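The structures come next, written out as structure tokens.
Presented sequentially are two complexes of subunit A, the first with subunit B as partner and the second with subunit C.
== the complex of A and B ==
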């Protein structure tokens, strides 16, 4: 029973790696996810606990902080998503809950999302075809949720490119959207 | 149309859904004496001026926050967008 094989969101045996022109699209499966929602009046206590227990701050609206081995980004007022290495911290939500107690509500999110990392010299043309963001004006460290081919997705910018997190159950549709946009600018 | 989100800056209106007049924030208590009249007014009576409207918009495909958007229906100008939470706190309806 314990001998189960994990399947990547797109259903292959290995996560997908693609190159279209100079744009790379990589299916990322090694991240555990959990969301953190602060309880009423506990903002200061939460940021203190995150700093002391996880050495990570709470990013401002529209921002992502990256301190290895985790990324944390703003989802909405009083709400953040944190990731961690899947193999060593699969139970990230329980780890967070144990540390944060009554200061915040924590929700396991790992298998709700699929993630594609997109890299290339200029992604703004590609993302202009995908969503309504002013992508060219966004800087590394920006994180926002938007509509991408009718799917609610997070778009997170880092120095390596853009990570797109979408609903795992429509990973195929999201992948199709990314590939179509990449092909049209390649 | 672009909506100037107070936290996130200009965002495409396609990310938002519309609920109705911002007066919906001021829901009366259900156990007051003339509740029936007050609720009739609350539910059905709206001003509909050609000009400035205050409306509740939901950033559904974004950060899921509720906004109060002040907008001119004649010129289509968007004058102001505030977090509905802040508006409710100002009115003493929330903490």
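== the complex of A and C ==
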């Protein structure tokens, strides 16, 4: 166990929690991330291994599957992102690589991203001011990449709200955009 | 009570609002516009005209208004050219008239009107020709001063603006009878509907008319319909929202004036929202705009459009005057007379240009008559009428309600280059055949001018639009409504008038149109440009058709043969703030922070923007007063012991797959296939045309796993190009890419004590001694008690150096640890300036050298372009001329004096002329070397490799000055490269 202290993307000592009207914006730091890209001709083998080792399928374009304790969502053709609990599976990429071998390329993505979970009774008004997604038409389990405040972000919907994942280095700008939009509609 | 306030209407008579116009205080009512409140207060004079500074009053009651433009609000919120007809009155509103010198009643530039003969169309092309230099210095500034359209505050806009995106099956533009019937139809069918209305209340002309819809009034039916629509989740009602443009693929631009009806927007709330609406289908229900008839001095305050006079009376309970004369060429004018009488306004006469018209009522109707003159300096006092028998009669009045017929409001049908088509029945242009994709038109905009036709047309239009989407809908049942046919005799202007206005906002008269004709500018496009008709902020909404008709008359051709009008976005002016949205100030683009940013801030670092990144430029210490002191110290400390620099911003691309090495062989000019695991190699990338475009390293972490680093500037470009190569050029290769730039905090640790410092944090299980971890080695290790990390033994400074990477969240802590553990070595953080100095001292090429024009050969890296394999750019790098023996070569430059060499200087022979013909090359990078205690430079010199020791001049003709320089090796420090291997 390292004695270095991790800091959240926004640079505080604790993840930032905001409440604007009934909209909650929470900085999430407890997830490890790894990308999985299928190697040539290994599609079926990867599906099988994911099912047998992690009890999770490979979602179609625009989809996210959630099988506790992990989420996995489609990123591009033959490419997915999987998350897991950070404290217990910090080196998720190594865990996946060990299980998948030459069937897939696995890359650690944990700190490539910042994540904000947004909750509220009606988020479609807020997201209408952030990105071109037809948010109102999306259902829980939708996962898509979109341009949000000039940044390529993932927006993933669940029963609890929306997770927005953006580039970690510009977490402050992304957070500012989320807060501004929330204040506009709150 | 205000003198011209009537009873009834849709205003709240019990809700007074205070406002001021030109500093004078007035009282209006909730529901008023600024224009209606001014009229109710007896104010007819609202502005001065553009060119002649003639007194002007409000003409219309809508967004077509050309005259009543005001500066709304004060100081930073002041907005010029705001149409008083669209300003919803709020308590405390302040407005000022514009384009005047002195008071509105006495405008010193009113003198222009006396010299009107000199200001005819095209006057400035003819009048201000001589002397030529006067145009720019004297004439143009003078004209601009005189012909202003309001002034701006020159202060930052204090308000917020949002941008947003909406999606719908059916966008309905306009919520008059057609739009409301369409919304009911589509809403009930379950379609996703957006109903956009520029007015602050729905209803359109229904709010301005007295005719009932079956057994209830128009406004009552509107309220009932609005209530039903509001109860539907699938219908979004957007009042105060102007659809300003029809763009590709059913995308519409809209501005929602979210807070313009308030004095100041609520905290954190936007003033306006710029919406991009993605519609599958659009039904344009934008109604019609009445057109004036041009007659002698028809611009006096009080001369208004008849439909507007009626709207002010019925909706806003206001009249421009107690006595209103009506001048018309169609039946609609008589409706105004009837409505005014019903409101208790005296109508001395209806002047109808048509013969033999009989309308029941008490008002005298003068048929076959025209207005030949008006009187009244700051507002009309009387009109002179020429009767059918040729006699004239003067009729006192305070206002003239003019109706020349109605033009369908087809602006949005033209935004994809569609042209309107002439409709003989209504004597106006209706929508043409080529509409924007997915758009259809209903109601008055489609030429269906009665209320009944609008209601049924809207309902049917929605059914048809939805049918195309596979949504079946039943037309909403509509109430019985007025269904009179259009009865109109075309009549555009009264013959013989000397000054009869066509375009009020740009001060264009019938005479100007005649002049254009006389001088040969007869095509509609030339007419527009010669006279500037339709080129003001109102885009000629009330002028274009009339101007065209007059031109048709002059050329003796029918109107459709003369041409058509065309409209472009925006339909009405859009505030710059709305176009900018939230991208203002430092939020113009995202800011990227390095993992050590917080720590660097604590150290008082100076930062520099590198793309979106903020990088520490240097770390000033107490007593240092100049950046050079800090930079020199950082360089010397690093070369003397050890320094640490955040290099996270360099791009990192994870390359994996069975064919990863083969793929890199294609991407890089030099060979990578045989790079052993645990080794790093410097690599150069070429563009397809053979020019070098990026350099960096690739580290082999496993047989099938590389990490490619790129320059900071090209991180995205290289990744994009590599993805293109992977997907399109080499799809047969098994290779997968993903960016990991942000995932790892990476620090350069450089200097003779670099290893000693790292040994203190690298876990003991990993041997990083020179033997175990030699120059250009790499590996996955752990640090600080088990944290996964990556170590690369690479050097940009020429010193013994490493780059160490840990997951970004630990980057801040690692920097603090390196500083703490490095105390015994006097470790120094260094910024981009010292980084730059050291790389120039070492002769490493960077962005300044890889400038998009240089080849590997120019860079002295010609041998890196492997001929044993193919790579992107390989073939074209061998083009004739690219490998010329006397081509530019990278050299070092040393001044022969104590001067420094300005980067960008050009190299000339020691003696001889200084001009482009004698150009020998140029300086790309320059710095002061604290090690050599002299200025140094890198540059490209013709045949440079063979000219060591030569003396040249580095010249700077732009700023003046030249420096004598000696050509030397580009490797100033440790040319043998011993230090990096120690």
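Keep this in mind: the second predicted complex is superposed on the first by the 184 of 186 C-alpha atoms of A that agree within 3 Å, B and C clash if a C-alpha of one lies under 4 Å from a C-alpha of the other, contacts with A are read in each partner's own complex, and residues count from 1 in each chain.
Just so it is clear, a contact is a pair of C-beta atoms (placed from the backbone, for glycine too) under 8 Å apart; a residue touches a chain by one contact, two chains touch by 3 or more.
If you're wondering where the values come from, they're calculated on a predicted model, not measured in any experiment.
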Looking at A:170, would you say it contacts subunit B, subunit C, both, or neither? Reply first, second, both or neither. second
According to the stated criteria, A:132 is in contact with first (subunit B), second (subunit C), both, or neither; which is it? both
See if subunit A has more residues touched by subunit B or by subunit C, and give me that chain. C
First (subunit B), second (subunit C), both or neither touched by A:145: first
Taking the superposition on A as described, I'd like to know which of subunit B and subunit C A:91 touches: first, second, both or neither. second
Could you give the residue numbers on subunit A that contact subunit B in one complex and subunit C in the other? 40, 132-134
Within the complex, subunit A is touched by subunit C residues 160, 162-167, 268-270, 273, 276, 278, 582-583, 587, 589-594, 597-598, 612-613, 648, 654, 656-658, 704-705, 734, 736, 738-745, 783-788, 806-810, 812-814, 817
For the complex, give me every residue of subunit A touching subunit C. 1-9, 11, 29, 35, 37-40, 78-79, 91, 94, 102, 105-113, 128-134, 136-137, 149-151, 167-174, 176-177, 180-181, 183-184
Name, in rising order, each residue of subunit A that touches subunit B in their complex. 40, 61-62, 74-77, 132-134, 144-147, 152
Within their complex, subunit B touches subunit A through residues 7-12, 14-15, 60-65, 83, 85, 95
